[in-house]
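There are two complexes below, and they share subunit A, which is joined by subunit B in the first and by subunit C in the second.
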Partner chain A sequence: MQSNLIISAIVALVALAAGAVILPDWAMFLFAMALAKGLVCLGIVGMMRGGVVSFGQGLYYCLGAYTATLVANNFGISDIFLLTFLSALVCLLVGIAFGPLLSNYRGIFFAMLSLALSMVLYGSLSKMSFIGGTDGLNIAAPTFLGWAPEGRPLQAALYIYVVTISVIAGTLMRIYFDSERGLLTLATRDNELRVEYLGASVRNIMTYNYVFGAVLGGIGGTIAALALGHVDPEFAFWTTSGEFVFVAILAGYLSVPAVFVSAIILELVRSFSNLYFPNTWQLALGIFLLAVIIALPNGLGSLVRRWKGNKA
Partner chain B sequence: MDLAATILVDGLIYAGWLFIVSVGLTLVFGVLNILNIAHGSLYAIGAYASASLVGAYFASGGDAFPYGSYAALILAAVLVALVLGPLLERGLLRFFYGRDEVLNVLVTYAVFLILEDVMKLIWGVNPYFVYEPYTLLGDVEIGPLFYVGYDFAVIAAAIIVGLVVWLTLNHTQIGKVVLAVIHDSEMSQTMGVNVQRVYLGAFMAGAFLAALGGALTAPMISVTPGLGVNVIIVAFAVVIIGGLGSIPGAAIGALMVGISRAASVHLLPEAELFIIYFVMAIVLLFRPEGLFAKTQARKI
Partner chain C sequence: MSTGVLEVRDVQKSFGAVTAAKDISVTVPEGAVYSLIGTNGAGKTTFVNMVTGYIKPDSGQINFRDRNIIGMAPRQITRMGIHRSFQIAQLCNELTVEENMLVADAIHGATGPSFLRNAHDKDARARAIATLERFNIAEHRDRLIPELSGGVKKLLDIAMAMAGDTQIMLLDEPTSGVAADEKFPIMDLVMDALRSAGVTVIFVEHDMDIVTRYSERVLAFYDGRIIADDAPDEVLSDSEVQRYVTGAPA
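Let's turn to the complex of A and B:
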């Protein structure tokens, strides 16, 4: 099982990294953004396995992006590894602060409380004119352990970075999902009270899932900020979080690769509808969402499950 | 003292408008168990429809009797409910009853996205102004402060809406049937209640209230695209604070949100954009299911 996982991770890494050579510039940027957002969505999927969905994951996406930007602009740090680490650390601490609180909430209340937290960040950032207000801030291109590429090599390096992080995060989350706590999360989804009677702490499980989601959100936000070169409070707006939730629902909680595939699909649908129906791309996106929800209520991951089931 | 009075009056005006929108949202959630993001679109469509109707009214010689424009406002909301209510409920939402709450939120999010662009296709992207109904009622003087009479009409409308909804639910036969369906839709069906019709009726009533909120707001603002995005999330905060499905809760929630927002505008403008969510977070801290929610037994 473990060796299978490692082999698939290596295959995925090589296959995706090959994109750095094959893909045209626009597609590489699109994939990099999609994978960065996929990381955030992976965190939501981790919570979804326990039956709760955060409608405020934009909080960590935005927090990570702003942490990286402020550190880069004020302390002159441009190393991508260090920036990612610092953002993840900040999100870890904030996640640890809010996690125990949110772990008491379920269903729509969990969704709304997480949404409220992200909207508080959105509102605060919009009014803070000394860090750009609603205009946001620019962030310079990152360096990679002292190497400062430009143009296509920069894009390729950023792409390979996000691919590597995504594969590592996906593998670690898979291991976590199959661990004792990960399986108890699934049990919580079915029946919380039974899990408690079995002697496990549901609050503890939920807190862990939330904190992992926070860290993944921060990493995703950092990479998105570096890819875009710009951050603004919209990162924490509810429509941004809504998209993350959509990707998570599209993927379903059964499969990790499905999360990244869904993120890429959404990004492709958005770009192409933007290109071909510039005035009605929201309409196209909405119809696409409805079609997916109707056709695949358990997400893309359920296709894999179905396929495996047929084989057996 | 003046400041306190200003905050109170401003807060009440904001709360009145917000209550009309929120009570529709809470009604739809109470009966259909769907938290409807598209409620924001219905609000915006109500605003556009009333701008068009009132514009048409004055264009076709309404100046002779300007008060008729108020009828046009309400008619706009009725039209929105009659057209979009059945279309959304029968055409889409009924296939999702009993499904996961969050999935349903996403379904209505998709509808919200679709309607955003449909509005742009119908009404374009330029702003609409219908100021006539706003100025008709003159000014009101409270101590040293002047207010536009229309603002108070909105508060009155909110009180009427609240009373009508509450009385209908608690003191009429229709209301009893609706409460029975909320309590146990399967049992109601076996007792001969046409549950489908109750769902449709409740959704249309919710759509009407959303559109009415929009229609009444249209004269106070310029009607532009993107109107629904902020409204829906504030209305969410109101119904969550009050407790989902509770009408007194929506009233208290609207008052808390309205007054705290007015207070922050006057005392701490930096907090204006997030004070609502801050209040919501505080309420949820102490009452995890909102102020007026019924506690439910946990199932083993």
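Let's turn to the complex of A and C:
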């Protein structure tokens, strides 16, 4: 089972990485942004499996982006691996600080509390003129272990980097979802009382899911900042977090690839509807989400389960 | 100096003006089978909830192997060996019977639940199926919980509670919601499994035939107090028990 997963991951990596050769620049950028956001959404899906939805994942998306930018601008560090690691570390620590608090809440209270935290960051960053205020900050192009590509090679390297990170994160999360801890998360979503009376800590399960979501959010934010070359407080704004929830609902909690596919669909729908219906693209997006919720209440991922069920 | 695996001493519990437990004292010896009887609101479930950590008593002591367990969380008490089943079976409805059992198995595994070990690992599934077979419900392993009968749900609830190192099992109305003709077969299965594992059993029950047949000692509750604590025949022939609990003529 695990070897099938590894083979699937390698196939996905090779197939997606081939995009660096065949995709035009604009598509490579679009896919890189979609995958970066997909990482954030994967964290939300991890929490959804436990029965809670974070409406404030912009907190970690923004925190990761600002950490990378501030480290790059103030310490002259441009290596993408180091920047990603440092951002993930900061988000891990913040996640550990807030996780135990949030793990006491469920439903709308969890959603609103997570949203409140991200809006506190948004408000704070907007007022801090020494780090750009509402205008934000620029970040220079990253280097890759000393290699400093420019133009298309830079786009391609960044694209391959995000593809690799996404495949690794997706594989690790699949292993986690299928693990004993992953099953406990599903059991918690269903019946917390039973889980507690079997001897497991529901709070501990929820905290881990939140912390994993924080780290993934930070990595996604770092990659997005490096792809855009800019970061601003909008990264933590509620509409950004809402977009992540949109993708997570579209994907459902059953399949990991569905999360990235949904993130790509969102970016494509947004880009094309923005181009052809600049004033009504949100309407197109809303209709699309409604159609998915009605036709596939468990998200796009349920298609994979149906397909596997039919195959069996 | 303790003589029982579970000792409850002078326990009191009130919910506002309602007193749910008054001076409850009982010593349960290792391997014994106790039943708790009483009308609704007499304090039976409050007793179970206090022993399993769901409710904290206002005063008194509850000792498990000479260790006071008051104030501990339910999961800590479970980890010590005091397990319970519920009046309404507490199961995970979106999971199959086998997956429910795998949840219990994962929690009580030797190293605790793992982030890497697959929950549907061959060994774990074999253990889960062996337990389901012991409770005669293995044939339902691929079914979801809402598709099961009340009896199968009860058995699964108890089978899950049996996972790990169970030393005391509290069964809250194990035959409620079970068809009349299923009650004795279910109790036979459950009691055989518990006795063969040497588990001390305390069960809440309204059916006096079950109380007489399976318990060694009966605690009769009335108005938050224990009004009788003796062998089943003695308790059921007690005039106070007949007046306040069983309703039989004195």
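In this text, the second predicted complex is superposed on the first by the 312 of 312 C-alpha atoms of A that agree within 3 Å, B and C clash if a C-alpha of one lies under 4 Å from a C-alpha of the other, contacts with A are read in each partner's own complex, and residues count from 1 in each chain.
The rule we apply is simple: contacts are C-beta pairs under 8 Å (C-beta built on N, C-alpha and C of every residue); 3 or more make two chains touch, one makes a residue touch a chain.
Note that this is a predicted model, so its numbers are computed, not measured.
In the superposed model, A:F244 makes contact with neither subunit B nor subunit C.
In the superposed pair of complexes, A:Q2 makes contact with subunit C only, with no contact to subunit B.
Applying the stated contact rule after C-alpha superposition, one finds that A:Y159 touches neither subunit B nor subunit C.
When the two complexes are overlaid on their common chain A, residue A:I293 makes contact with subunit B while staying clear of subunit C. Shared-chain residue A:G107: touches subunit B; no touch with subunit C. Once the two complexes are overlaid on the shared chain, A:Y60 sits clear of subunit B and of subunit C alike.
Look at A:S126: by the touch rule set out above, it reaches subunit B but stays clear of subunit C. Within the superposed three-chain arrangement, the count of touched residues of subunit A is higher for B, of the candidates subunit B and subunit C.
When both complexes are overlaid on chain A, the residue A:F29 reaches neither subunit B nor subunit C.
In the superposition on chain A, A:F260 makes contact with neither subunit B nor subunit C. Overlap of the subunit B and subunit C interfaces on subunit A comprises residues 191, 193-194.
Contacts from subunit A toward subunit B in the complex involve residues 53, 55, 101, 104-105, 107-109, 111-113, 115-117, 119-124, 126-128, 191-194, 238-239, 242, 245-246, 249, 279-283, 285-287, 289-290, 293-294, 297. Per the touch definition, subunit C reaches subunit A in the complex via residues 52, 73-75, 78-79, 83-84, 86, 90-95, 99-100, 102-104, 106-109, 113-120, 124, 160-161, 163-164. Subunit B makes touch with subunit A in their complex at residues 35, 92, 95, 99, 101-103, 105-107, 109-114, 116-118, 120-121, 229, 233, 236-237, 240, 244, 269-278, 280-281, 284-285, 288-290, 298-300.
Within the complex, the subunit A residues that touch subunit C are 1-2, 175-176, 178-184, 186-187, 189-191, 193-201.
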